[in-house]
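What follows are several structures.
Two complexes, one shared chain (subunit A), two partners (subunit B, subunit C).
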Partner chain A sequence: MAPLQTSQQTGTPLSPAELSYLHTSLTLTPPIRPDSRTPTQFRPLVAESDILPSTNGSARMIWGDGGECVVGVKAEVERNSATSVGPRDWIEINVEVSGQRDDDAFLGMTVAESLLVPGSGVLERLVLGERFHWKVFVDILLLAPPLSHPATLLTLTTYLALRNTFLPKLISEVVEDPVFDDDWDNALPLYPVGKIPPPITLLVVNVGENIFFDPTREELSAGDVVLAVSICGKKVVGVRTLEGGSGGVGRAVVKRVIKESCEVAEEVFSNLNSVGEGD
Partner chain B sequence: MTDRRRINGPLEGTIPPVFLTSSTHKSIIKRSPTTLRKIFLKTGLTPPATGSAFLELPTPSTHSTPTLKLTSSVYGPRPLPSSTTFSSNARLTAELKFSPFSTPGRRRGYIRDGVERDLSAQLSIALGKSVAVGKYPKSAIDVFVSVLDCEGGLGDAGDEAGGGVDVGLMSVLATAISCASAAIADAGIECFDLVAGGVAGLVLEQGGVVEEDRVEKSLEVGQDSDDARRGMRKNGKVTLVLDPSPIDGYIILAAAAVGYMAARDELTLVWTKGSMGWDGDSTDEVERIVDGAITASTGVRLVINEAVKERLLLGLKEMGLIRGKAVSGDGDAAMS
Partner chain C sequence: MECVTCGATFRGLRLCHSNPTHDTSHNRPSSHLHKPSSLPSTSHSFLKKLENVPLRNPLTRRPPHRRPSYVEHGNTKVICSVNGPIEPRAASARNSERATVTVDVCFAAFSGTDRKKRGKSDKRVLEMQSALSRTFATTLLTTLHPRSEVHISLHILSQDGSILATCVNAATLALVDAGVPMSDYVTACTVASYTNPDESGEPLLDMSSAEEMDLPGITLATVGRSDKISLLQLETKVRLERLEGMLAVGIDGCGKIRQLLDGVIREHGNKMARMGAL
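Right after this comes the complex of A and B.
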């Protein structure tokens, strides 16, 4: 089994008594989180974009607990091949977790699945004339694995990097070999303002009647259900279940989690979009 | 004078064989969108395992029909190796593997790839929440699911998805959950409830008929699904399809797979992807596909119940506790 999963399942640093104490304090109304955050409050983080000069777009984020994520987006011109149809492999996502031998399947799959959601219009922007297309490599590097599940950190950083990705402007005709404008100021954004933005994935944990965003590892182990909700613009484009809790949850709980993540995501998007405007 | 020193080819020449493409496989009998396919489920077919099950979906009409076939075997509860640390709960691990010959096009390797690891992780989550792991301290329960045939492919690069999301992986996961759950019951491991997997998708409807003719067009033109979306905004009519199959040829824009415990009315796993259109409130449609998937899994649950009951009656009969014909039919626990 994947090492991350078993370590989450069994490697909880809490004793049964501590776990029950945490569970009780999280089920109270209003709930009390160990770090005294409100249910929808995220942990403080430092974010910066455009840090790597040799990439088309990049971003870096640091949590307070030492987790750090660097994302670099590179684009290459590739000839349309006759054998592999479908623009599905035009975006390649690579997750590298430092100190772990193979990457966690979950992280890569979640990002890939939500990025390639049909109809988001990204793939149409990668077409270069009749015979060529852009191939985009999204390389995600998780330095110093954070104490909590890295999904939120990872997708927020990826969002920021993709938001700041620019591709050189095509100046040749459709039938010619691609020639690009060498003025970098004329480069076109991969995700233009006003179009559907890149997706983010929020980790949401449900305990009793309460819903918590950006949970720590302790909160994850005390939760009834842990859902990863992917949101693109105002739409939910994917939901996945994560390890945590025993026994199932009612369908009303799942629906409430989805509804609330939609509301929180709006706030997250507006905060992320203001990154870089301050400096 | 013929050349007798060499082996010559036939004088009149040969014609190279022409194979039909796999896309000619279309489901002949059209189902209504809310009808589930018939399931064949039988437990106890792998004697060395503690519990096992075989599932085929749908029950094949001819030998060459592509169907989804899986076997599942459960080993345990057995003691954890002495090197591992103390665990007050049973550790349930699930492993899903595609056979090299299971997909129609490309051969799958023996080494587990990302897709298989991801499905294995989801399977172990779905099952782990239903098993009473607290009853088996210091023990391990291992579930192995092997996919022998997966009808229309899995949405690898090169498969036809028609501009929508592909449901191949989702239906594999859902049936793996149902099959493994039957195997766990066969193994006699204590559970809170049996889990059944169900899949539902939302497709576009135009003029009262769920459109299928557009599939052909969209294979050629990638933009078609966008046009379809625009059309949908005008018509605003979407249909819920239960238990969609990759060979049905729908353009599915949003799909959900759930693991559902019917007796407790609880979900152990939710997996959705895709969305309809890009404006308006989306929580409604997610709720709708999740509800649809729950309806589908409730139907599947009836089949699991039958298969488990059949096995139980067989066991009781062997022990001489009941007499007469305990089992009706050949175990084809079918449903309409």
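Right after this comes the complex of A and C.
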């Protein structure tokens, strides 16, 4: 058996003829996806939140193609240091991929960059008086890499964990050393309802005039351009190309990608927010 | 659940194949380290326009090495997946007589009370890996797959005592699911030596991390229904006359866990058979 494949770069399973067939069926109007999904439809997945008692917030997500990801968020009190780069390193993100020796720096970067959206107000909530602050560690454990690109899996799980992260309530004065409320029921959410939520990254693949969300590995290999779109609340905060594929992307398509991403993300957010409320 | 001879009880124990969200018959641990038990773990699967998706069960679509097992002993939570028998990834794992068993143990950085990253070369991790691979190398029918490797990867998501024992049980469950031939279940539990104020000296079954800190204890694993011990670990001083009683309680505990594992596996097997996956 071949070793676990982490992304579509490790070779596509399709022959040139199959690839061309797939490309043609994806360029049709309306397009036909191999698994008969609509262009904006996601594959089924299982998500649970608040699974680990020793963390401040945690989540687990399992994808149908075998991808599994666990995220644990832990917060520690840290003294403000004069030499530090500032509040930017108050959130630390680690990605660990099972069975791989080195951390995949690129994956961590994708999540970290999108997490520190300027003006989201997270860093202000981490301040504890004059001399201390919370240091938040976000540890992402990719137990089984999915067959398609893992970026969406990572960010959706991280989003879920962060939405369920609670920090103990501060009861001391600003100038004192921090003292916290013992009652966990009084803990404050890191991302309160109504404030700017943590961002997510969605993958969009463009084939001809059509765009598809949540592409499978086969669709990624047949696509012209793969775009990673970061969305925070109702706004797109970042777009980047992941793979060149067989051609560039037009201006009009990018505009459409951004417009449709917002609509899809809204639905994704509302679905993710209902995790833990239902069942 | 109670131990046969001494009435000692396990903490909330939860075993399942592949996907804990599908398992409803579990006991939640009654006390949490950090959070009150009023925050149960919940699950929800979301799916847009369900009727349009050609639904095949996600479990059946997973290749064998991607079906992890999940075991909880109280607040100790372990996920284990088995890959194999595969072609050895390293030349050192190639043996022309039998399959080699390699184990990867990974402590998640958020698993303890304080955040701590454990490297791959951590002494405790290495010791656990070698203990596990030696235990399973004797129980698996390794001669059936010469020149191949069985890779067991264990992820410890939350630590609250009895970690090695939980790892053994999770690995057994995953190996059975992966279809690796083995002679019988290997099940493990921990026993602590404890002196009551009234000097009865009854051992405690299934240590939590607080108990592990204060009391001397053993981890032991037995193979199947025989009372044969295949793994025994004693890291602290124990009075010799206590050891006998501790072993007896431990063997009974292992037998009890074997019954539980067997129940879970049969239930899962029936479910898979009904879905037509077998």
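Here, the second predicted complex is superposed on the first by the 266 of 279 C-alpha atoms of A that agree within 3 Å, B and C clash if a C-alpha of one lies under 4 Å from a C-alpha of the other, contacts with A are read in each partner's own complex, and residues count from 1 in each chain.
Heads up, the rule we're going with is that a residue touches a chain if its C-beta (ideal position, glycine included) is under 8 Å from a C-beta of that chain, and two chains touch if they have at least 3 such contacts.
Being a predicted model, the structure only gives us computed values, none of them experimental.
In this overlay on subunit A, subunit B fits alongside subunit C without clashing. With both structures placed on the common chain, the touch criterion links A:258 to subunit B but leaves subunit C unconnected. When the shared chain is aligned, subunit B comes close enough to touch A:196, but subunit C does not.
In the overlay built on the shared chain, the residue A:267 is in contact with subunit C alone; subunit B does not reach it.
By the document's definition of touching, of the two partners only subunit B reaches A:237; subunit C does not. Aligning the two complexes via chain A yields an angle of 130° at the C-alpha centre of subunit A, spanning the centres of subunit B and subunit C, rounded to a multiple of 10.
Contacts of A:250 after superposition: subunit B is touched, whereas subunit C is not reached.
In the superposition on chain A, A:89 contacts subunit B only, with no contact to subunit C. By the touch criterion defined above, A:227 reaches subunit B but does not reach subunit C. For the pair subunit B and subunit C, the least inter-chain C-alpha distance in the overlaid model is 17 Å. Residues 1 of subunit A lie in contact with subunit B in one complex and with subunit C in the other.
Here subunit B touches subunit A in the complex through residues 85, 87-88, 91, 93, 95, 114-115, 117-118, 120-122, 124-126, 128-130, 133-134, 157-159, 161, 163-165, 192-193, 222-223, 225-226, 229, 253, 256, 259-261, 264-275, 277-279, 281-283, 286-287, 290-291, 294, going by the rule given at the top.
Of all residues in subunit C, those touching subunit A in their complex are 19-21, 29, 32-36, 38-50, 52-55, 58, 61-63, 65-66, 68, 75, 77, 79, 81, 83, 86-87, 89, 104, 106, 108-115, 117, 120, 153, 155, 157-160. Taken in their complex, subunit A has these residues touching subunit B: 1-2, 5-6, 9-10, 16, 83-89, 105-106, 108-109, 113-114, 117-119, 121, 123-124, 196, 225, 227, 232-243, 245-251, 254-255, 258-259, 262.
Against subunit C, in their complex, subunit A makes its touches with residues 1, 3-4, 35-38, 40-55, 58, 62-66, 68, 70, 72-74, 76, 94, 96, 98-99, 101, 137, 139, 141, 143-144, 184-185, 267, 271-272, 274-279.
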